[in-house]
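For reference, the structure discussed in these notes is given below.
The first chain written gets the first letter, and so on, giving A, B, C and D; residue counts start at 1 in each chain.
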Amino acid sequence: MDFAFDARTEELRSRLLDFMDEFVHPAEPVLAAQLADPDRVPWTIPPVVGELKAAAKERGLWNLFLPGEEGAGLTNLQYAPLAEITGRSVLLAPPALNCAAPDTGNMEVLAQFGDEAQKKQWLQPLLEGSIRSAFAMTEPDVASSDATNITTRIERDGDEYVVNGRKWYITGAMNPECRILIVMGKTDPGAPAHRQQSMILVPRDTPGVTVVRGMTVFGYEDSDHGGHAEIRFEDVRVPASNLIGEEGSGFAIAQARLGPGRIHHCMRAIGVAERALELMCRRASERIAFGRPLADQGVVQEWIAESRVRIEQARLLVLKTAWLMDTVGNRGAHTEIQAIKIAVPSAVEWILDKAVQAHGAAGVSQDTVLAQLWAGNRTLRLADGPDEVHRRSLARRELRRYQEK
Amino acid sequence: MDFAFDARTEELRSRLLDFMDEFVHPAEPVLAAQLADPDRVPWTIPPVVGELKAAAKERGLWNLFLPGEEGAGLTNLQYAPLAEITGRSVLLAPPALNCAAPDTGNMEVLAQFGDEAQKKQWLQPLLEGSIRSAFAMTEPDVASSDATNITTRIERDGDEYVVNGRKWYITGAMNPECRILIVMGKTDPGAPAHRQQSMILVPRDTPGVTVVRGMTVFGYEDSDHGGHAEIRFEDVRVPASNLIGEEGSGFAIAQARLGPGRIHHCMRAIGVAERALELMCRRASERIAFGRPLADQGVVQEWIAESRVRIEQARLLVLKTAWLMDTVGNRGAHTEIQAIKIAVPSAVEWILDKAVQAHGAAGVSQDTVLAQLWAGNRTLRLADGPDEVHRRSLARRELRRYQEK
Amino acid sequence: MDFAFDARTEELRSRLLDFMDEFVHPAEPVLAAQLADPDRVPWTIPPVVGELKAAAKERGLWNLFLPGEEGAGLTNLQYAPLAEITGRSVLLAPPALNCAAPDTGNMEVLAQFGDEAQKKQWLQPLLEGSIRSAFAMTEPDVASSDATNITTRIERDGDEYVVNGRKWYITGAMNPECRILIVMGKTDPGAPAHRQQSMILVPRDTPGVTVVRGMTVFGYEDSDHGGHAEIRFEDVRVPASNLIGEEGSGFAIAQARLGPGRIHHCMRAIGVAERALELMCRRASERIAFGRPLADQGVVQEWIAESRVRIEQARLLVLKTAWLMDTVGNRGAHTEIQAIKIAVPSAVEWILDKAVQAHGAAGVSQDTVLAQLWAGNRTLRLADGPDEVHRRSLARRELRRYQEK
Amino acid sequence: MDFAFDARTEELRSRLLDFMDEFVHPAEPVLAAQLADPDRVPWTIPPVVGELKAAAKERGLWNLFLPGEEGAGLTNLQYAPLAEITGRSVLLAPPALNCAAPDTGNMEVLAQFGDEAQKKQWLQPLLEGSIRSAFAMTEPDVASSDATNITTRIERDGDEYVVNGRKWYITGAMNPECRILIVMGKTDPGAPAHRQQSMILVPRDTPGVTVVRGMTVFGYEDSDHGGHAEIRFEDVRVPASNLIGEEGSGFAIAQARLGPGRIHHCMRAIGVAERALELMCRRASERIAFGRPLADQGVVQEWIAESRVRIEQARLLVLKTAWLMDTVGNRGAHTEIQAIKIAVPSAVEWILDKAVQAHGAAGVSQDTVLAQLWAGNRTLRLADGPDEVHRRSLARRELRRYQEK
């Protein structure tokens, strides 16, 4: 057992931290200004992101999330502390490094399950960062925590598939640079529950695809990264070759996508929490109330201490999960992946809440990043299944340990 | 001791409930549509509010918050359950009844401390609902929980006062119909701590008043009720007769304003919680997950039971506080006013969080009112002093009971 | 609506407070000494209790819990604040006033459902305080939250009933002065679920009754009030006339007993919390750590403020429940009775935990009453059904309000 | 970074697990029976402990806690998972392996700071397990979280030191086999704050040492491991050579003792939590309520899942702390040692509370180990400084990171 990072991780951490200081943090006010520009084309990615991407690519800080030859070849354990660092500027650093959801998950799906043509057409430009993508799974009318509920249809018709359905909270899809959607739907509603679904590539400009509106998260449109679209698919026709893998493999692909997706979110969330704690400490040191800095007040000290303790615990659980994924595979790490899904967002939410409180009105405003971070993190308690579903599943596995004996 | 409402309260509750069903709830989608109208003049109050006001006035459901002859003459205890009912549609019902903050507090100040001319010029149209107002106290650079920190200057210059300072989160002040600001500032920085401040009437269109921007609350602009403005006062000159009360009375007026202000917020918050619980129950009854309604799941049942228990406790504390204010005065009810400030928003926040969670993605979206209610309620843990300040003060009073003996 | 106590309540409160100061609190160290006396006969009630009983009886502070002519004739609302006061010295005051569980519930059962002979033989001496009693319902092998689970058999055999079964946590039954047990068992396992049970009077010295051992509560034997016995019933024969009510009425009698029983526990628990808060405040004022009293430290102030707020809310909910029981009956107050069962013990537990923490090692020791109070209160989250059962039931009723519409 | 145990750890874990199954768990009912034996000499260690000690020693499972040649030579990281395993039977396994507090800390002090004569006389028999010891630091009258408060005097008088003072909660000291006390007191009240204290060896049978009484923890005497004594020292004379280290070194020795002491407690507490979770799962699987096992109920599933997640996080934090102590020293691991002190006992308390709740009345009784485990764990939130002190200290260090920049 050893809690030190390996040499490659340390080297990348060092380079990434420099990059954050030199490029990313200074770009934060630039992003804010570009987002507030009244002449901005709605939902487009602000130009500063492109500049950061160029700088990151040049420095080899690119596609760090992707194992294997197509990416940086890092293990989950090596990537975790890097992803955490990007979480410290979560609106800018992940896209700058081409490591932002949902592109990361989509690239993983294409790298693992795509055929050569699909890789050439879509994976290549995604890896280069020249296009963006979206993942269309969640539907408004059913509990998306249970993929077997999905009602979107993908029907074969000669050399084509025809897609019909309604999706929402499709992150990134409001952005016109988002060119391709991976759509989950049912090809065979009569098959066994986990063989009914398939995934298919649908270019965003295909006739029949209607981007209805941007869904908000608390009051945020999240237009910096392409928002969260509601999309209608009406008799959308794509070539049969757009199917990823084979018919009926959609559930399995979704499962394969989820593990890394969850841990990436959690890694970044640790960085979000570190940022919040730093802001809380700085504010507490500067703000005077009733004659002394907030930092001298016992209640604020409790917040700070608890935040530090919760961050340390959350980080260790994420790192161990990454290590398990590397050593026994995503399936073997199933319990731990659920555990971080349960533990990390709620810990980070608690810390963000206290950071907001320490900032007073500024904390809920647009003048700090805290309220927006809070809103983004809040969705993690819901995304791909509410925590309650994961707790139930984890408990059943725990119970089985004793029931089998 | 008796927990039944008196006859007048029952009669008004009945009429108000009818009004909610007949007018207010049906107007909720109308409000949403008017707010979303691309042709809307920014920050104006949507026309449906005016229509509701006319209907409410006609039915005598008007100025219920205001005791004495100028208002409906209700006690706090009589008003509390009515304010709660308006909280069930908190964006619409309070303004419809001319019972929305900050106008309510401003009318109280004018009724209690204004001279005849001030009453005629400003209280009258406010009572009639023909103008709106704002209360400019909070400043970005100091802890507003301690009014002695205020830095805005109000300086006498001949027959005028000159106001200089910067305020933010001035609710309602983005709205062009907001005609008058009550501004808190220092007339005599050399006086004893609680005699330095004064309040003065500043028409919003006075030269030197710059409405800088709308502050957001977790992404929300709250433009339906005039947003939350940042305002700069630069050499703003108003007649000396605009001073409310005498020089140095600002702190005392602020204190007088706070008690009713806090309890009104708490009363409405109980209604917000009832709305959230109703939405949670309805959703839980309708939504199927893993083969049965959410309502059958133990965890959701715990949320519902806890919500009911917390609402009952919060309501009783608010009602008792109202009764104390009526019987021993705001000063005598000081502990209880702080107690509801501490207890109610956090209870309501817990309930809203669970209601959001039960709704999944819809809960954080614009398709339910929950996320917006959450954001609005969250600010109550900060507004006019964070909870931590109130807990400290309450604890000291509690300790004194035993230290004196 | 009115939050003032009526004149009779005020008068009794005043007399009871005097009695507490003059008799009960001074007797607390006497009780401790008598309990620690090595020559004490195990499980007997220490003599100081008898002295207090005589004093209370003389002052008319007697059987206050019992409505109607047989008792003091108070309403629940009148009794509630008195029971709370007794909770401030919960080991001494309730038995001193002949208002201690389980005798209270047993007297209610006999007053309401007993026949004349039963009343004469058992109710009379209980009302006089010359004997004690126990209530034998809980069984170790089944979930006692569901009375239909009970396995003890009560079988008719000629003019007698024969009782067989095993009970535990039979409070008071270790005490040799406990003369009579009310035993719940099944007379007809084939009847509908709620008509299978009956209650029967079993003198503790009946052959076949074996008091096996005293059960502990977090290490406490609670021998001051007769402990918590495990009892075996083996072919225990009593006259058929010992049956209370008719065969099959046991469930209904148990239900009738529960409402008052729960609210009495909750009333006293409020007094326990007040005592804990007082001890916490005194300790915080006296104890110096790091150069200043605990009372000056923000975290301790938060505990104190939160304690006060929670007590106020809990008390109001209890009082309203008492009022409802008086005005619409126990059945009509069902939701509220469950609500206090859920809300009060957990609030009091939180306060006791903080009071313990403020006392350091003394808090967990025999030198303060806090640890023992904590243990006693902890059982209320389990007694007559764990909170989880009550929350589920309350939630279902809440859900029905919306499902029926 | 690597989360796998090394080979030596795995080998010892395997042997220890076998020992637990073969010897320790079967001895648990034996211990209970011996403790309940009416003929038992009060406060003596039940004989089964001695038998287990012999068996463990024979198997080389002995003094595992002690680094260096005098002990098993394990690192903290190697010992941690072993200590955790002993926590699964925390009344028996630690003493069986000669790894029970306070002997462990006392052996460390003697090994590190004792001279040869002291080692020969006291360390040797302690290492052999032939005597027990106690550590007399806490005093009833001062906040023991701040060692500078200590009032016990150790005064030089010729070739002797004279000890006067009052201590309490001296764990193990009721046991007549406890032969030696390490006493903390002031040799020079005029020296700088951290140079006033010294530690001195006082045989328990020295004239002037009065073991006053056993302090309880909630209702437990903890007589299985020698209870918690109150001790009076009145003109107690010991040879000057009994001083450990030099005059004024007491504070430094105490600090050195605390780090390992805290982490050992936390390691074992993880094992306690695992035991509680196992008992909760077994109970939930067996107990039927309302027609199905508790294990099927959502609320119980939440408890189980949360317990698992909290245990994993707590364990990782403990392991990382152990690794830091090994790699950068106790001083370098200061923050983490405080973090586990804050995080672990409260996590374990939560789990124990839920396990108790799942067991109903059995959970608070002597028929499961849960209530006793709860009480023992509860003291960890107080022992050597309440959590609040540690949070404050940790927060200050965190704040300094940002204030220095």
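We adopt the following convention: a contact is a pair of C-beta atoms (placed from the backbone, for glycine too) under 8 Å apart; a residue touches a chain by one contact, two chains touch by 3 or more.
Chains and their UniProt names: A, B, C, D = Acyl-CoA dehydrogenase family protein.
Keep in mind that this is a model prediction, so the values were computed, not measured.
Pairs A-B and B-D differ in how many C-beta pairs touch across them, and the larger number is found at A-B.
Centroids built from CA atoms put subunit D at 53 Å from subunit B. Here the CA centre of subunit A is 43 Å from the CA centre of subunit D. Each chain gets one centre point, the mean of its Cα atoms, and the points for subunit A and subunit B are 37 Å apart.
Shown for subunit A are the residues that touch two or more other chains, namely 297-302, 388. Taken chain by chain, the contacts link every pair, so each chain touches all the others. By the touch rule above, subunit A contacts subunit D in their complex via residues 1-6, 9, 77, 277-278, 281-282, 284-285, 295, 298, 300-306, 308-309, 312-314, 316-317, 319-320, 323-324, 327, 335-336, 339, 342-343, 388, 390-392, 394-396, 398-399, 401-403.
Subunit D contributes residues 297-302 to its touches with subunit B in the complex. Subunit C meets subunit D in the complex at residues 138, 140, 143-146, 168-169, 215-221, 287-290, 297, 299-300, 356-357, 360-367, 371-372, 374-375, 378-379, 381-382, 386-389.
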